[in-house]
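Structures incoming, each one as structure tokens.
The same subunit A turns up in both complexes below, where it pairs with subunit B and then with subunit C.
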Partner chain A sequence: MVDPMRFEPGQTRARRRRVRGVLQALRPGRFYLYLTPTFAFLAVFAYYPPLLAFYRSFYDWDGVRIEKWAGIGNYVNMFHDEVLLRSVWNLAQLTVFAVAVSVVFPLLTAELICSLRNRRAQFWHRVLLVVPMVVPIMVQLLLWKFIYDPNVGLLNALLRLVRIPSQAWLHEPKLALYSMMFMAFPFVGAINVLIFLAGLNNIGQPVFDAAKIDGASVIQRFFRIDVPLVKGQIKLIVILTIIGTLNGYGTQLILTDGGPGYSTMVPALRMYQQAFRFNHLGYACAIGMALFAAIFGLTFINMKLMRTDYE
Partner chain B sequence: MSSEEALGNSPAARLRAWTPVFVAVVAALASDCGGDVSVNPSIAASRVIRMVPWVYMPSADMEISEENPFPREAIRLLAREWERLHPGVRIEFMVAAQEQSAYLTWVETQCRGGTIPEIIFYFPPGDKLANQAWVLPLDTFLEQPNKYVPGNRHWRDLIVPACLAPPWMAQDGHNYFIPVDIFMTSLFYNTAILEKAGVHLPIETWAEFMDAHRRIREAGYEPFWSRAMWSLWPRELMGQLMHDEPTFRRLDVLDPNGRIDPEENARGAYLDIIGIHESRFHEYLRLMKEWSRYWKTGFSFNKSPDSVNLFRAGRLGISWDGALNLSDYENDPYVTFDFELGWFPPMTKASSPFASARTPERIPVPGTCFYVTQSAVDNDLLEPVLDWLMFLTTPGNVAKLTQEETGIKIPPAILGAKVDPVLAPVLAQVTELTGILPIYWGLSPEAEDNFDRIFELYLMDELTLEQALARMAKWTDFGVREAIRDNQTLTNPEDRWDLSRW
Partner chain C sequence: MSRRRDNSLEMVKHVLMAIVIALVIYPYAMLIILSFKNNNQFYSRPWVITFPLHFGNYGAALEALVRYVGNSLVVTSATCFGVVLLSAFSAYVFARFEFRGKQFLFYAIISLMMIPGVLGLVPRFVIVKRLGLLNTYWALILPYIAAGQVMGIFLLRTFFESIPKDLFDAAKIDGAGDFRSFSSVAVPLCKPTMATVAIINVQFAWNDLIWPLVVISDDKLKPLTIGLLSFQSQFATYSMTRWGPLFAGYVVASIPLVVLFMIASRAFVEGLTTGALKA
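What follows is the complex of A and B.
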């Protein structure tokens, strides 16, 4: 076999250079081959299931036996499914609230931390925010379950101290959804704060100095400089929150199972019930597709509405 | 030898170096594909029965501690004993998720994937698994003698009859599980609270029972709540309190045996024999609403606030709880008050014109139920699996299992099994489930789930009677359609209902 790297005395310098160049260009390309298994797994585990779900959403399918072409029947049924429609209303309330608190409170917290002159104090505030992240979600849920317990819960114990009657926080239809919203208290998710902090730190001292020279107050600086310049971060957090809220059903499943009645039912939980409790997998696939479309649509709208100049 | 060979760089040397690896890979592949490669004979001969023993899972450590208060090993010892009788077959116990929905999802996933263990625990009557033919009907095996019990003619004769009665049969009318223990409920009266409220035991009628609730509340305590207020419990209770013989006879027609089987239940709902719009059903709702006024605030049929701590703290007058918790309460250092066991009194005409005046029976519910899965057939293990279950369900072995010294004592589902003296009086009241009017039985999982949610909202005054009835009627229709559809697509045509008989 001819070794392309070995040159005979008669070969010109230019040719040698050309061959060497081609080989050098090809060499990094080889590393892309190593990504093949990753993309293969992605295709099998991340792309194939949704595509299959899309296909199955047109069938009356119970997972094993009954498989009958249903056309758009499953999608039409969604508009007649009172439970699903109620769950969409619950989800809308949860999403609006989640988006609001996941932007406002972390941004304010990041502003306060960013304004600290002492770097060490800044560091410790960041650490204190991040440490609770190690607590598993399940533990947090069980902790809130205890706080809300109508018999021996912390919240009712505090209310009794000030002579306010106990409430069944997660078991009253009128309270359950709001109690669930409040579970994010104090609404300062560490990741969101860190994202905003990174954005604020990127603004640069000269901009703040210029604002100061122009006589901008703290409020003016916040609304006219900080908020516009962290718009990219706001957009990211809004998208992540929408995706998380629309997909999420773990809290409802563990704490209330969508009850009492349907007061905390969300579409993702309805999808889970249809798939794994009632064996209506075709219909569950259709709900999943609708959720995907909703997430995609909301993300697209968000991208359009919150266009940033430096994208 | 050339220098290349000496260094192991020659093609021949490289081939020699790779030969063991090559042979190992081929052997591994061949053994996996069932190739004719000789393997260790002891491994080849060993067949493994996989089992999810649920609450009887042997503990890793038999030392009692705070983290391990009730260690168990009885099933492991029984398995070793059985294995000695059956050389070449091994029983392997599999740990399962303790959280119910996680476990159910796991079971379904394994069934769909064809990797489910040969014996699993599942909740009765197991319609979901039976409808998909993931588990095997056991009727024919139950008719055979249990060879481990001398003189036994039918295996089913060993089992508490109520556990195999129609409510626990699958939709196709077959029995799919072998119960090992039963669950029975009881009323636990806090006698100290009752004394303060001026309530005297025994309570003779439903009217007195309601009056006791009122007095307990006036005395400043919670009158009534339950550890797990599933709608099934009050439904069955009311089905007895409001039993009506003529209506019952109109339902019990396809197989008139004093019980309403799944087909008769579906037919009853289909023909509106005890329909949502019938006055008896309205009365049932009224009585339940009246009673629910005394339940713990924020009750729900699914994720209800639990009664245990309320009772232990001495703040609950009457607790409806599992009878097996008796030994728990007796050994509980927090339970410093006296309590008595009791049961619901009959309902008289003073409470309702539909009252049956019959004393409610204390119905046992199958507890730990073992199902034989399709894997037993696929892996050619059906015979040893059934043999092991027969061995496990002899009175002696069930006693070892359910009454283990270090574990919680559980009432056995096998007749003649010796029990702890504490449980003996409760077990003496076990009755066979007969003649209960099905006020509402779930026709499909989705209909049942929604029915409960609507019922819950009605009891919480979130829905008016008319709104609740309209929605319940809708879900009943849905349930009937689903039940018929599921039944008519069963694999075995013999199991399909003959709708022309309806």
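What follows is the complex of A and C.
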């Protein structure tokens, strides 16, 4: 008869060895286990939503009960949606303006900072430019709402000083869209300036010195050396600005709700309103798809048009 | 002669720069000046400092805003914690180990950067609604964590790959398992990058405007961004606007980020630029 007390250690050892063998075989598999939390989050909130948007863009859908196949009906409707078409034109104006000013002004500012001889001054200008980034976007929006206020706003107070009659700005259909464009004034967003500064610093003093010795004027240097060498940065900012403008509608939503009339309506806001005010979720998804296609296309074109060879 | 011309040119540049900075800063200086006024002072002399300063404005604003600030703190810190933890660990797995399909999985994550937020908005709302999360903190926190991870993994993986492999091998020889070498080797080394990731997400969660508007309607749970709208309608009614407390409220809403900026200005600026560059 075998004494169980003496038998047990060996048995456990064998079992342990077997368990270890199984674990060994699973070892490479553990990496998938490690990544599970990340992919669980992404699956629910990042992969599924765009797919669902694509799928539901072919439906009459209110998110609750109505769920009817509509084919390309939603997409066709977009071309008959006067408000949407108008909003595309508004968006085009906003985008062109935003791209122009967010390249030109930050680049000039970066040149200015870069050319200062005093390092301390360079540092402080950079810090001060970042200050607005610390103020919550909502506060900035409400502040601009006040600046444009027809009765007590800062802008009209300034105009009164030079005897120009007060304007209604955001409440005036002809001015509202332009007022919105100028909300970025003086257009020197910290991020863009910092990106350009990094680019200019990369060029390096020897190149600037060489240009100086060859007798290049400041203007010549700017167009012949600086601009070509920060082309990568320009491309990046153009893309970021386009994406930001097509994606964004917080300003419109908070300040004008697309009005007065539809003078500041943009497609993304139209999408928002269709979804959350009129329960046309399927149609909203179709607008979302169109915006996605537009962003994708514009980014692609930009990449192709502005080739940078040295990347 | 040329020296003097250089100096005067330098002066011109400084003046130009000062003008730019003044234009950038002025609205916020104006905000602070206005926040100390009562309505009489506001209507008679709005653009200069007037005495007495009305500190009481801040009391009134704080009382109305404190709940929203609290909500934003909860949501922002939970988001930040979740994103940093998850993306650091996943980035570590991607950087440290070899396994089948690794590249594919990594690109599957990175490709999400090309999907604009506007596309997923409507379905994400439906998903959150079906999960029964509307009007909870989770409705904000969970999608924020999902969104923040993409950039986080990207930034942190690059960093982890730059850590010499020897360090990890040494840890392994000393008997450290995967988790131990993550927490004792990888994390301590990448604190600056983790701070950058954290700041990017603080900025994002603190500022996000549209998503809370969609999923939170209960006033008790509103984060600061949309809380400010309720606040606005409380102090600026059609009959009378109490300007001082209104502007004081805007200042109060800015304070947490200002404090963070002062504590971690380096990581802050880094977060801004890397966030934009790698996006």
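In the analysis below, the second predicted complex is superposed on the first by the 272 of 311 C-alpha atoms of A that agree within 3 Å, B and C clash if a C-alpha of one lies under 4 Å from a C-alpha of the other, contacts with A are read in each partner's own complex, and residues count from 1 in each chain.
We take it that a contact is a pair of C-beta atoms (placed from the backbone, for glycine too) under 8 Å apart; a residue touches a chain by one contact, two chains touch by 3 or more.
Only a predicted model underlies this, so the values are computations on that prediction, with no experimental measurement involved.
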**Message:** Should subunit B and subunit C be called a clash or a fit once both complexes are overlaid on subunit A?
**Reply:** clash
**Request:** Pick one for A:127: touches subunit B only (first), subunit C only (second), both, or neither.
**Result:** second
**Message:** For A:154, using the defined touch cut-off, is the partner it touches subunit B, subunit C, both, or neither? Pick first, second, both or neither.
**Reply:** second
**Request:** Look at A:232 in the shared chain and tell me whether it touches subunit B only, subunit C only, both, or neither; answer first, second, both or neither.
**Result:** neither
**Item:** Dominant toucher of subunit A (residue count), subunit B or subunit C
**Value:** C
**Request:** For A:73, select first, second, both or neither according to whether it touches subunit B, subunit C, the two together, or no partner.
**Result:** neither
**Request:** Determine, under the contact definition given at the top, whether A:276 touches first (subunit B), second (subunit C), both, or neither.
**Result:** both
**Request:** Kindly classify A:83 by the partners it touches after superposition: subunit B alone (first), subunit C alone (second), both, or neither?
**Result:** first
**Message:** Contact-wise, after the overlay, does A:172 reach subunit B, subunit C, both or neither (first, second, both, neither)?
**Reply:** first
**Message:** Which partner chains sit in contact with A:117 here, subunit B, subunit C, both or neither? Use first/second/both/neither.
**Reply:** second
**Prompt:** A:256 contacts which: subunit B (first), subunit C (second), both, neither?
**Reply:** first
**Complete:** Where subunit B and subunit C land on the same part of subunit A: residues 63, 152, 253, 276
**Item:** Residue ranges of subunit A in contact with subunit B within the complex
**Value:** 62-66, 83, 149-152, 166-173, 253, 255-262, 273-274, 276-280
**Request:** Could you please specify the touching residues of subunit B with respect to subunit A in the complex?
**Result:** 101, 104-105, 108, 112, 128, 131-132, 296-300, 302-306, 309-310, 313, 315, 444-446, 449-450, 453-454, 456-457, 460, 462, 485, 489, 491
**Complete:** Interface with subunit A, subunit C side, in the complex: residues 10, 13-14, 16-17, 20-21, 23-25, 27-28, 30-31, 42-43, 46-47, 86-87, 89-90, 93, 97, 99-100, 102, 105, 109, 112, 114-127, 129, 142-143, 145-147, 149-150, 153, 178, 203, 206-207, 209-210, 213-214, 224-226, 228-229, 232, 243, 250, 253-254, 257-258, 261, 265, 268-269, 272-273, 276-277, 279
**Request:** Spell out the residues on subunit A that touch subunit C in their complex, using ranges where they run on.
**Result:** 28, 30-32, 34-35, 37-39, 41-42, 44-50, 52-53, 56, 63, 109, 112-113, 115-118, 121, 125-139, 142-144, 147, 152, 154, 157, 185-186, 188, 190-191, 194-195, 198, 236, 240, 243, 246-247, 249-250, 253-254, 268, 271-272, 275-276, 281, 284-285, 288-289, 291-292, 295-296, 299
